[in-house]
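There are two complexes below, and they share chain A, which is joined by chain B in the first and by chain C in the second.
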Partner chain A sequence: MALPPGVGQADFDAALTAFADIVGSDWVFSDEASVATYRDAYSPSRGEGDEKVASAAVSPTTVEQIQQILAVANRYSIPLYTISTGRNLAYGGSAPVYSGSVVLDLKRMNRILEVNEDMAFAVVEPGVSYFDLYRHIRERGMKLWIDCPDPGWGSLIGNALDRGAGRTPMPYRDHFGAHCGMEVVLANGDLVRTGLGAIPNSGANWQAFPYGAGPLADGLFAQSNLGIVTKMGFWLLPEPDATMTGTIRAQRHDDIIPLVRTITHLQYQGIVNCLYSFNSPVFEGAINERMAALLDRPNGGSAAEWDAYASSLGRNFWQTTLRFYGPLNVMQAQWAYVKERLAAIDGIEFADGDVMEFPLTDDQISRLGDPASFGVPSLSVFSSQAGSGGHIDASPMVPHSGEAVLKAHKVYMREYVAADMPPSLGFAMSYHQRAFIMFHGIVLTLDPAENAKARAFYKRLVEVSGENGWGIYRAHAAYMDEVMATYSFNDGALGRLNNTLKDALDPNGILSAGRYGIWPKHLRGSRA
Partner chain B sequence: MALPPGVGQADFDAALTAFADIVGSDWVFSDEASVATYRDAYSPSRGEGDEKVASAAVSPTTVEQIQQILAVANRYSIPLYTISTGRNLAYGGSAPVYSGSVVLDLKRMNRILEVNEDMAFAVVEPGVSYFDLYRHIRERGMKLWIDCPDPGWGSLIGNALDRGAGRTPMPYRDHFGAHCGMEVVLANGDLVRTGLGAIPNSGANWQAFPYGAGPLADGLFAQSNLGIVTKMGFWLLPEPDATMTGTIRAQRHDDIIPLVRTITHLQYQGIVNCLYSFNSPVFEGAINERMAALLDRPNGGSAAEWDAYASSLGRNFWQTTLRFYGPLNVMQAQWAYVKERLAAIDGIEFADGDVMEFPLTDDQISRLGDPASFGVPSLSVFSSQAGSGGHIDASPMVPHSGEAVLKAHKVYMREYVAADMPPSLGFAMSYHQRAFIMFHGIVLTLDPAENAKARAFYKRLVEVSGENGWGIYRAHAAYMDEVMATYSFNDGALGRLNNTLKDALDPNGILSAGRYGIWPKHLRGSRA
Partner chain C sequence: MRLSRGNTPRASWRRLILACAALAISAVPVVVTQADPAATADTAWSALPATGASTLRNPLERRGQEVFGQRCAACHGPIPTEIYGPTFLPPMPGTQALAARYRGELPAALEERTDLAAVYIQTVVRNGYVSMPFFRPTELSDEDLDALVAYLTRER
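Coming up: the complex of A and B.
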């Protein structure tokens, strides 16, 4: 049995015994096979010396049990690593950032505490998955949609706390942004409710207004290790009448500039409110020799040079599909206005998509190509990945500007060429209100040499993103220090603030050491 | 010259001399007349012994000067009270919560650092007013709207940090919610940038993505005293094509239930996105004897009893006006859909309003009855208040439910009757995404006896709001302890968390003591 670093065998045994007294011996895991289930299925260091692994796991069912576990962990200085359901694949899965931590696995806290159809919200515990909430709503015939990430087996709370995103309209697509109200157990065992939840008897009002009064601490518990979230409210979308799509194709390299400016302005006005992605039939896929030569030109090739290349292939440069949700007449007026506003772009083409009315039948749902756009959780994203070693994801944020999108494509493509890596660059995707994700899914294999190359490239992407001000919004557990090191303004003032908060809220440093670069005081020196 | 409590004359003199060395002697105010300009023009205790007053004021122009002032304040234990422009009338104005504090007046930090038309955002310092930013944009002919509260002379940063709201679409109407990126000086002088601002060279990307990576501290600096905000970014609305209104009248008491359910669901879907208010020609104005008798009935009078009363007056029970913004065809389709969805309510009436196209001419702007709905700052709200002693505002949040709106009206009207106070209850107003403000503007006079009654009534409103779970979202400086005391879940766990954060971030307790109920450690005991 592995020990947490710095913890002696006797103390560890005493802690595990105490944990068993709290949750029952069936829910403390310390045998090798059970602990191995917490390994990261997509670890970039699988089977190598630096793979992050747990020493044990404990799985409570109540807030009171968590409070008791914290008392034990504080007494014996046991590092805990909290997971909700541990499905954070491509960002570290269920393995602790600080190897040797005891996983605090909240999967058994899986109660759906409320779904309110009139007020369109849900309150859940950390173990509730998107599948669970979806089934609950559909079985009752409630006219509400959830918003889920591509794989639907994860936890609503876990995903929101890692600031995950989905595919339905805003604000629902931004899982942290669409939360309202938190219950948090602090490291000292104190139980706090934020917003109107701090008023006894606030009832459904807890999910009606997120701010409450005074400072709002909710932001401290996302992408961090400052507390254990045990309940969260989420706003839900009342089922729309219908949906339809419209596809836009633009011919030239520089068309992305008016295209981004116009579509984002329509988004900021509420006329467009879907997830859209600026794809490029020219940039996408493998980088051939002609492309590599263009990328080597000043500024990664001029508009005229790229347009000539695109012409020689007979390809248009950019395209995007907008999905509208709502009453048919409103959607049609919105799409007509999008066309009108973009008509001045020479050669632009539009194609009207199909209309679908809601609710969908079970048969229609089973045939959806893109279920997450309809609030339907699935695991279909995994169907294309069978047999691989998974991937590690880097997600830099690029501003809503065509110039920035062009620059980012060229900068990142040059990096793929220089590192001789197969491109896995996603195009500018509008998951968030005012920035694109330029997503990289670096493929892993079962070959350690290949994986070492992938790891080096991931670090290089983090570095290049930081140099260009394209902050990584979500870090892989193995590279959190590297990502947070790019947030270096004023000699690391943000990190100093995070450390001050850590020392105040978790003075013994027992919670999720290392998460998002925040280490407890006793481990900070050795990391600096 | 008054002294801050607990500070000796020699230390205070030394501190003021040091402040003068930093900002110049013209910008340190300690003479009676100058200090009196920081009195709250709407103080509920004007001229009485417990009126909150400053001891002095200091007004820096740069972050470096703030850092130097903080060093002096830490050295001599001088309590500072930060204001941006000090226009927080009806919530305490520019007077400190802790009487005797030195006002740290940021009005001279008034640079508009950036207005980006393509990306539709602004970055400002605390001294920039809504008028300043509006004029800057209009002079340059930029097609951007600001969102301003009713009086336009206040600070964008000050209003957002007190979680103020305006009248254009969401998210812009929620001033804290529409911010993106902060620069904050901590009490120890450290300078932090949040979000992507923590990445050097992030440029315009700072205003593109609010979260950055790791925990987000922005919420800690609103309605608090945990730092001094020196820069903030705000998202702006690209100028819409046009606007039109539609008015809805419903006949009966219980019509509010489907009315709220339907209109809020349309809002949650993005089909309605304006400020609307459920007004009642029956409830509004003076409470006569017949109304008082109904309020005394079980549950404040049944639907049938109130409907009979409304009939006898020949009045409809509810009405609201929706304002649409956008392309004409989209607005018309949205309004048509609203009518379709509400048609089932027996006796419902609709009236189409006028269409106005943007941009407006100067002449059109000068004739607007409701300039804030067009992003135009004004002081017209004061025209109805000349000669009064002002008012103190209480703003409880009531959930989006017709039942809750009915209950809140009756509960609050009963309180006005019981206290023999003239009703000053605003109707359910949708400033925020998922809750109504039931606003109370308690009128003050120049008569201390009347004001004592107003103060007692304000406290009673805070108490009743707390009992019903209708949290006050914004507290008057004189009653912050009372408001925060209603946030009492788990024996005041939220207050304990706030105190922990205060002690960590401002160990000497020099920043804005008492703001939103947060007192430094050395003053906490005497307040408990």
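Coming up: the complex of A and C.
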């Protein structure tokens, strides 16, 4: 049996016995086979010496049990690592950042505490998955949508705390942004409710107004290790009448500049509120010699040179599909206005898409090809990794500007060429309100040599993103220090603030050491 | 509802380790607040509507059928013959992957297979296979895994 670093056998045994007294011996896992199920299924170091592994796991079902576990962990200085459903694949899964930690597995805290159809919100525990909440709502015939990330087996709370996103309209697809109210157990066992939840008997008002009064504490508990979130409220979208799409095609390289400006401004006005991405039929696929030669020029290839290349392929340069949600006449007016605003771009083409009406029947749901766009969870995204060892995601945020996305795309494409990696980047997706995600899904294999290359490339993408001010929005557990190192203004003032908070809130450093680069004092050492 | 946990050799071994490590713990001051009363512990991963009443007579196989519906069907269910609406990625990645591997020599949908061995199912569930992640005991208990095995290996 592995021991957490710095913990003696007697103390570890005593802690596990105490954990078993709290949750029952069936829910403390220290045998090799069970502990192995807490590995990262898509570890970039799969089967290698530096793969992150747990020493044991404990799975409570109540807040009181968490408080008792924390008392034991504080007493014996046991490093804990909290997971919700443990399905944060591509970002570290259920494996700890600090190898040898005891995983605090909250999967069994799976109660849906409230779904309020009138006020359109839900309150859930960390073990509740998107599938769970979806089924709960569907079985009761409630006219509400959830917003789910592509894999539906993850936790609403876990995903929101890692600031994940889905595919329905804003604000719902920004999962942290659409939360309202948290309950948190601090490292000393104290139980805190944020926002109006701090007012006794605030009832449903907890999920109506996120701020309450005073400092907004919620942000401290996302992408961090300053507490254990045990409840969260989420705003839900009342089911729209229908949806329809419109596709836009632009011909030339520089058309992306007015396209981005116009569509983002329509987004800021509330006329466009779907998830959209700008795709390029010219850039897609492998990088051939002609593309590599253009990218190799000091300016990454001029607009005229790229236009000539696109013409030789007979392809238009840009394409995006907008989706509208609402009554048919409103959607048609929105789409007509989008066309009117873009009409000045020479050669622009529009194609009307199909209309889909809600609610969907059971049969339609079972045959959906893009379920997440309609708030239906699935696991279809795993079709994209058949036969691979999964992927790791490095996704920088790029501003809403055509010039910026063109520059970022060329910078990243050059990196793919230099590293001899197959390009795996999406151009620009509108997951968030005011910046695009440029998604890099770096494919892993079962070959350690290939994975070493993927790891080096991930680190390079982090570095390049930092150099250009395109922050990585979400870090893989194996590279959180590297990502946080790019947030280095004023000689790392943000890291110093995080450390100050860590020392105040978790003086023994028992909670999720290393998460988002925040290490307890005794492990900081050369990392500080 | 979760079935009670059986006395598997692994579970016994774990209890033995815990029993040997019997050091008393003195209380550390902690603020304790009453959490909300427990509600249903039902969990499900399948987005598909619940199917009709099972025709299986063996309760273990019936439970296994439920477990398959909740934990496996979202990847290993039948591939729809006609997609509704736009396609982002093909549905049922598990069934798609097995179709690509067996090329018609074996059924791609696991529920149609009659050649699956218990140890193979147990190994894949707990260790994963290629891009299929493994499942922890908190997600799929040893008892539910036994039920799943009984369902997929039943006499047909």
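Keep in mind that, in the parts below, the second predicted complex is superposed on the first by the 525 of 528 C-alpha atoms of A that agree within 3 Å, B and C clash if a C-alpha of one lies under 4 Å from a C-alpha of the other, contacts with A are read in each partner's own complex, and residues count from 1 in each chain.
Please note the rule applied: a residue touches a chain if its C-beta (ideal position, glycine included) is under 8 Å from a C-beta of that chain, and two chains touch if they have at least 3 such contacts.
Quick caveat, the model's predicted, so the values are computed rather than measured.
In the superposition on chain A, A:Gly212 contacts chain B only, with no contact to chain C.
When the shared chain is aligned, chain B comes close enough to touch A:His400, but chain C does not.
In the superposed model, A:Leu191 makes contact with both chain B and chain C. In the superposition on chain A, contact of A:Tyr479 is made with neither chain B nor chain C. When both complexes are overlaid on chain A, the residue A:Leu16 reaches chain C alone and has no touch with chain B. Of the two partner chains placed by the overlay, neither chain B nor chain C lies in contact with A:Phe317.
In the superposed model, A:Asp370 lies in contact with chain C only, and not with chain B. Once the two complexes are overlaid on the shared chain, A:Gly517 sits against chain B while remaining clear of chain C. In the superposition on chain A, A:Arg135 makes contact with chain C only, while chain B stays out of contact range.
Chain A residues in contact with chain B (one complex) as well as with chain C (other complex) are 190-191. Residue ranges of chain B in contact with chain A, taken from their complex: 118-121, 163, 169, 171, 176, 180, 186, 190-205, 207-209, 211-224, 226, 235, 237-238, 240, 261, 264-265, 268-271, 273, 325-327, 329-330, 332-334, 336-337, 397-401, 404, 432-435, 466-475, 483-484, 486-490, 493-494, 496-498, 500-501, 503-505, 516-518. Of all residues in chain A, those touching chain C in their complex are 1, 10, 12-14, 16-18, 20-21, 25-31, 33-34, 36-39, 41-42, 57, 59, 61-64, 67-68, 70-72, 74-75, 85-87, 89, 93-94, 105, 107-108, 110-113, 127-129, 131-132, 134-135, 138-139, 152-153, 188-191, 230, 245, 353-354, 356, 360, 362-374, 376-390, 446. By the touch criterion stated above, chain C contacts chain A in their complex at residues 5, 10-11, 13-15, 17-23, 25-28, 30-36, 38-41, 43-50, 74-75, 80, 82-94, 96-97, 100, 126-128, 130-131, 133-139.
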